[in-house]
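Down below are the structures I want you to see.
Presented sequentially are two complexes of subunit A, the first with subunit B as partner and the second with subunit C.
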Partner chain A sequence: MATVASKLYSDDVSLLVLLLDTNPLFWSNTSTTFSQFLSHVLAFLNAVLGLNQLNQVVVIATGYCSCDYIYDSSLTLSGNSESGRTGMPALFASLLEKLEDFIVKDEELIKEQEHDERIASSLLSGSLSMALCYIQRVFRSGHLHPQPRILCLQGSPDGPEQYVAVMNSIFSAQRLMVPIDSCYIGTQNSAFLQQASYITSGVHHAPKQLDGLFQFLTTIFATDLHTRSFVQLPKPVGVDFRASCFCHKKTIDMGYVCSVCLSIFCEHHKKCSTCGSVFGQSKLDGASTVSEKKRKAPDS
Partner chain B sequence: MSDWQVKYKSSLKDRGTEGILKLREGILLFVPNDPTSDSKLKVLTPNIKSQKYTKEGSKKPAWLNLSNKQGDSHIFEFQNYQDMHACRALITKALAKCEEEQPKKPAAVLTSAEQLSIADLELRFKVLRENIELQRLHKEFVETKVLTEDEFWATRKKLLGKDSIRKSKQQVGLKSMMVSGIKPSTDGRTNRVTFNLTSEIIFQIFAEKPAVRQAFINYVPSKMTEKDFWTKYFRAEYLYSTKNTAVAAAEAAEDEELAVFLKPDEILAQEARQKIRRVDPTLDMEADQGDDYTHLMDHGIQRDGTMDVVEPQNGQFRRSLLQDLNRHAAVVLEGRNIDVDSENTRSVAEALARVKQVSKADGETTKDANQERLARMSRLAEMEDLQAPQNFPLAPLSIKDPRDYFESQQGNVVNEPRGAGTLKRNVHEAYGSLKESILEIRTKGLRDPLIKPEVAFEVFRSLTQTISTAKNIIGKNPRESFLDRLPKSTRDEVLHHWTSIQELLKHFWSSYPITTTYLHTKVGKLKDAMSNSYSQLEAMKESVQSELRHQLSLLVRPMQQALDAAFQHYDADLQRRTAKSARGSAGEANGSV
Partner chain C sequence: MSNQRKRPNGEREEDDEEDDAEGIGQWERAYVDDRSWEALQEDESGLLRPIDTSAIYHAQYRRRLRMLSAAAAGTRIQKGLIRYLYIVIDFSRAAAETDFRPSRMAIMAKHVEAFIREFFDQNPLSQIGLVSIKNGIAHTLTDLGGSPESHIQALMGKLEAAGDSSLQNALELVHEHLNQIPSYGHREVLILYSALSTSDPGDIMETIQKCKKSRLRCSVIGLSAEMFICKHLCQETGGLYSVAVDEVHLKDLLLEHAPPPPAIAEFAISNLIKMGFPQRAAEGSMAICSCHKEVKIGAGYTCPRCKARVCELPTECTICGLTLVSSPHLARSYHHLFPIAPFDEVPTLSSSNDPRRKLGKSCFGCQQSLLGAGNKPGPCVTCRKCKHYFCLDCDIYIHESLHNCPGCESTHRPKSVSLLEE
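== the complex of A and B ==
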């Protein structure tokens, strides 16, 4: 059996981890409904599974304040799931069921939480971490495993308070050599996703028309890693590399950097909040205060 | 009296012109008697390198040969030896005085502004020659007087300093080969045994056998010559190697000096006894018992001399291989701790003896050290169950609250304030609609048709367009950068501008805040150079082809932005200064009134 398995393991076997954005605040504001979106996505997943017998798909839902695994194609038993509901391929019945349970749970969590006024972003850092953990487990399962990649389907804007965690996940993905593809379907630009795809050498695309989403997904994001070496995929012309400051979470172009831990601040601080090192007074400030003192004396 | 009647000869064969030799302050003057002859000589005393003279006992006349630094030699023939010696003494005195003055002058020269040595200049030239980019920068800035040499090299000390690190000397250790134990060459025919002796071997012998060293200091050169000493030593070595203890005993009885070499080394024994006394009695020897593998089967040295039967009174004339090896190893581990040039054997011996004395003085245990040892012994030998309970002072743990870290990450987030009530309502509605969508898709299934053909076609078209335009802009090869598509001259120019602007900005920003007029002029010069660069960049942008122009301006933009920031800062600073000086003068006017 082992030899048969290895013969079937051609170069293009892939494991696709899909991070699905289920942020209700975003979905209530778009023109496309969530059901239309889901039908595109489910058809796409079917297509990916059909490309190769050994392909695997894992779906992780990114909610407003929690994330969870929704679907794992290697675990689902085929056939005997309840296909009582008409119209739905049996393969995805469990997916939808789990998705519904997840949304209910997410709603519970938001009721308990104090409503902090933050941007309506989804928990990207959480789902990226969960995806990376799953992939790490696959790596350790043996040397015959599909080539993993992460596809991030996101519409919500970036939450600057997640900057540090997202960057950490991106760098871990780079280390593991797992490309992060990103498909941004929202209105604003997402700096996190652009940076993620750039650093991990994945593909980033922001389709303008959402009723052709299925076509976009199958053309660009269904290609496995081996095929990408000879297929031209769209490249972004520029990448938004701006960081967000650690104190206010604003995106900034110029700021202060701690020389010990490289944390970024937008204004002068006495002490670094991440590593606790004390900053000395900058030369420019020192000179101006001295000259101010001098100026005051002749006036008085 | 510093005037002598002499005959001056320029060489030995010369017959010599008669004249008067005068020695004045720092000058040696020879005036010939005959005013028409032209062998007048004036020698400055510092120039005299050396003087030679003929011996009194010989039949030669009293000559004094002075050679100066250029290599010429002047021979003066004196009337008698007394004069010659007097003159020589005076010249020696004058020379000694000159030597004193000389070192002071060069020091005065160097302590003024940083004088570069020839070696430094050569190093700089070498570095410039190897790095063409650096050479270009150097030419552009230092030769147009924008930056001075020192400023240019101030940040590049690493380039200059690499060689000096290599020159630092490494201490050489001792050889682990026992050169002192090398067997001699034997000639059976003539029955001679030849030992070789080099300074290295002498050093090893003195280091390993302190008794031999002591004997050398005592006997040579008072009792015997060095050659005799070594002959006796090697006779003793030969006797050891034959392992004939009876003969050794006999010869030792006859020759007292030989006996010194044949006896066991007393000095070594004393040192060993002292070391044993200083061993910590709390040392746990149990581990060492297991290390003794030499008495197992197939281990150990077969013939190390321990099993040989020896008559008791001749026991002292034996030495085992283990003893030699151990002593040699101990010496090698101590290392080479003297730097004496090994030509003079006696000096080597004395230096080693001195070192040993110093280390012995250090090793002597003082009263405090003894107390400490006793305290340690009592501590280790104590019995645990008889001890009183010990309450050590505890330092409290300071574990930082991890929530500080996490909360600081979510610190003050800037956001539009929303009414709490509306937020909750929105959220619930949103969740409700989401759940409806899922229900819908569960009941209805996937959309049919999933995607309209026109829409799909549109998608394909737009993608193709995106990819092809991107290819035009970025290039076919994803690795290829825009720089490769520029003509070579423009590319070189752009890269050169980049490095030169970096250099200028580095010096510009390091000069702020301006405290001295030197910095003020430096900043002014840098600003002119920077505006020059700026206009050059603009010109370059104009000159390039139209299709590359946009990309080039994108490439050049960060450089221009950096220059703009620098100009802004300069203007702001200038404004502040003029305002301050205006206010200051106004204030003074007020104050004076």
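== the complex of A and C ==
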């Protein structure tokens, strides 16, 4: 059977890891309901699985307090004749069950913790890290493997506390040559997703009308990596790589960077507010003004 | 292929043996000294057991991680993030020796190329320069610069070995170059030394003291044998000295120098560096780029101070000298500042009351089953903070490449003061 499999492995076999945003704080505020959204997504997954016999799909849910694997198409046994829920293809019965369990658990966790209403971001860094671990496992499985890519379906805004973790995941994906596509369905702009798609050579798109989401998904995000060179995809425009200063949070063109901890400031300071190093002096000279404990370690 | 190397009398016999082996073919000479059959093992019934290197690999990795984090243990050590590194390669006649196949020179060049790429990946704000020693004189192959391609081209251009090696001349040259860099940069020298001697025009001890005063951190990787002068140099300046035993070991030793080293307290002068964050030029805009001096359309960046066009980042604007970076370049170094703690090994208990069985049967990161043969718990690791279980391969991937614990990132934490909000 191995010989048959290798014959079937053409260059357009893909593994799609879908990161689904299930943040209830976002979905309670949109015009489209989550179930309408889900029907677009499931039809899209069906389309991807139909493009090639050997395509694989893995779905990871990005919640507010947790992330988890929802569906793995390589684990579903064929011939599963359970009748699905109302109108949904039987193929995805297990997906829907697990998704419901996940959302219920996530909501319980939300009630246990007090949450800040200001920024209702989901745990994008967590699901990105899990997706990359799964893709790394696929790479280890031998030389015959589908070409992996990640698709983020995100609506929640960016959480600034996740910046370092998201950038780490992006650089790791760049090294593994895994493109991160992103489809942003929220209201504000997501700088994280734009940067992710730009750095990893993925596609970023923010569709304006959610009624036609299935159309955007199939025309832009369903193509495998080999076919992308023949298809016209949305080009990256206006990716803003300027930094924000730490003191005022405004975007700056020119700034000052601390050589110890790389924090960015818009004006000249005598002392770095992040690591406490006094500028222009070595740590030993500054020991009288800075406490002994901070001598060798930057403070956080 | 005839081999007419002349060897001293004592080695005549070896020469004869090699001449006999010549008749077989060049490709078989690789196995003359390599007794790989001795690594095979048999199980009880006499059948061959497949060589399981993954456990050994993982044990090596964990030992290395433990060594590295032993000093860190909870505290955060300041690292030298903005590095100016000179790589000194010894192209004396000793580099033409063939104990590393095809020759020491070729292997050094190959691994230095990989090192340069890895270095710029981990230290995007740093710069490298190349120096070679040939015929007792040190030559600058490339000046300090931030683009990997130009260094690699210069290195691969001339691969010839001749003459003596001179450590003092190399150190003097590097010292001269590194005196000109700004005070916040960390000055480092990495010497790849294959000779067993050095012919110097003066007193090398004086040069070593000069380097020590100028805060140069010199490390040496030897390819033949340990030398006192190299060891002394490294001890005085606070660098690392190691001798490679084979090609794989050489690669590992080289790559150890890629992540930023701990900064030495007296040397670390902190400073505010003025940097520019250029915007990408609009599609279709035409300008003469300052690096190639030709007209370019579209993709490029505009210096915010003098509005000159540059082709790639990070770079220094050729017109006004401003360091130009983009925020992902700074972000590449953040994982050095916020390292994740190593995972703990989970002891394999064989009792059926193992509470682990109830907790996790699969790795949290990749969903691979953690059960070994016969449904017994296999080896795995756990994170101290989030208590999730991970398989050994995810452990290596997370600590070497990803630098995020998926478990910790997937758990909502109360918002503490975040340093890096952008």
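One rule holds in what follows: the second predicted complex is superposed on the first by the 234 of 300 C-alpha atoms of A that agree within 3 Å, B and C clash if a C-alpha of one lies under 4 Å from a C-alpha of the other, contacts with A are read in each partner's own complex, and residues count from 1 in each chain.
The rule is short, and it goes like this: a residue touches a chain if its C-beta (ideal position, glycine included) is under 8 Å from a C-beta of that chain, and two chains touch if they have at least 3 such contacts.
Being a predicted model, the structure only gives us computed values, none of them experimental.
Novice: Figure out whether A:I199 sits in contact with subunit B (first) or subunit C (second), or with both, or with neither.
Specialist: second
Novice: I'd like to know which partner A:F214 touches here: subunit B for first, subunit C for second, both or neither.
Specialist: First partner only.
Novice: Looking at A:K249 after the superposition, I want to know if it touches subunit B, subunit C, both of them or none. Which is it: first, second, both, neither?
Specialist: In the superposition, A:K249 touches subunit B and subunit C alike.
Novice: For A:P234 in the superposed arrangement: first (subunit B), second (subunit C), both or neither?
Specialist: In the superposition, A:P234 contacts subunit B only.
Novice: For A:E161, is the partner it touches subunit B (first), subunit C (second), both, or none of the two (neither)?
Specialist: Touch partners of A:E161: subunit B and subunit C.
Novice: If you lay the two complexes on top of each other, which residues of subunit A touch subunit B in one and subunit C in the other?
Specialist: 64, 115-116, 160-161, 164, 237, 246, 249, 274, 283-284, 295, 298
Novice: Can you name the residues of subunit A that touch subunit C in the complex?
Specialist: Residue list for subunit A touching subunit C: 64-69, 72, 109, 113-116, 123, 125-127, 129-130, 132-134, 136-137, 140, 160-165, 167-172, 175-176, 191, 195, 199, 237, 239-244, 246, 249, 252-265, 268-269, 272, 274-275, 277-284, 295-298, 300.
Novice: In the complex of these two chains, what residues of subunit C are touching subunit A?
Specialist: It is residues 75-78, 81-82, 121, 184-185, 265-280, 283, 304-305, 322, 326-328, 330-335, 337-338, 363-368, 393-394, 397-398, 401-406, 409-412, 414-416, 418-422 of subunit C that touch subunit A.
Novice: Once bound in the complex, which stretches of subunit A touch subunit B?
Specialist: 22, 24-25, 27-28, 33-36, 38-40, 42-43, 64, 85-89, 93, 96, 99-100, 103-104, 106-107, 110, 115-119, 160-161, 164, 207-209, 211-212, 214-216, 219-220, 232-235, 237, 246-250, 273-274, 283-284, 287, 291, 295, 298-299
Novice: What residues of subunit B sit close enough to touch subunit A in their complex?
Specialist: It is residues 405, 408-418, 420, 423-424, 426-431, 433-435, 437-447, 450-452, 455-456, 458-460, 462-463, 466-467, 470-471, 473-474, 478, 512-513, 580, 583-584, 587-588, 590-591 of subunit B that touch subunit A.
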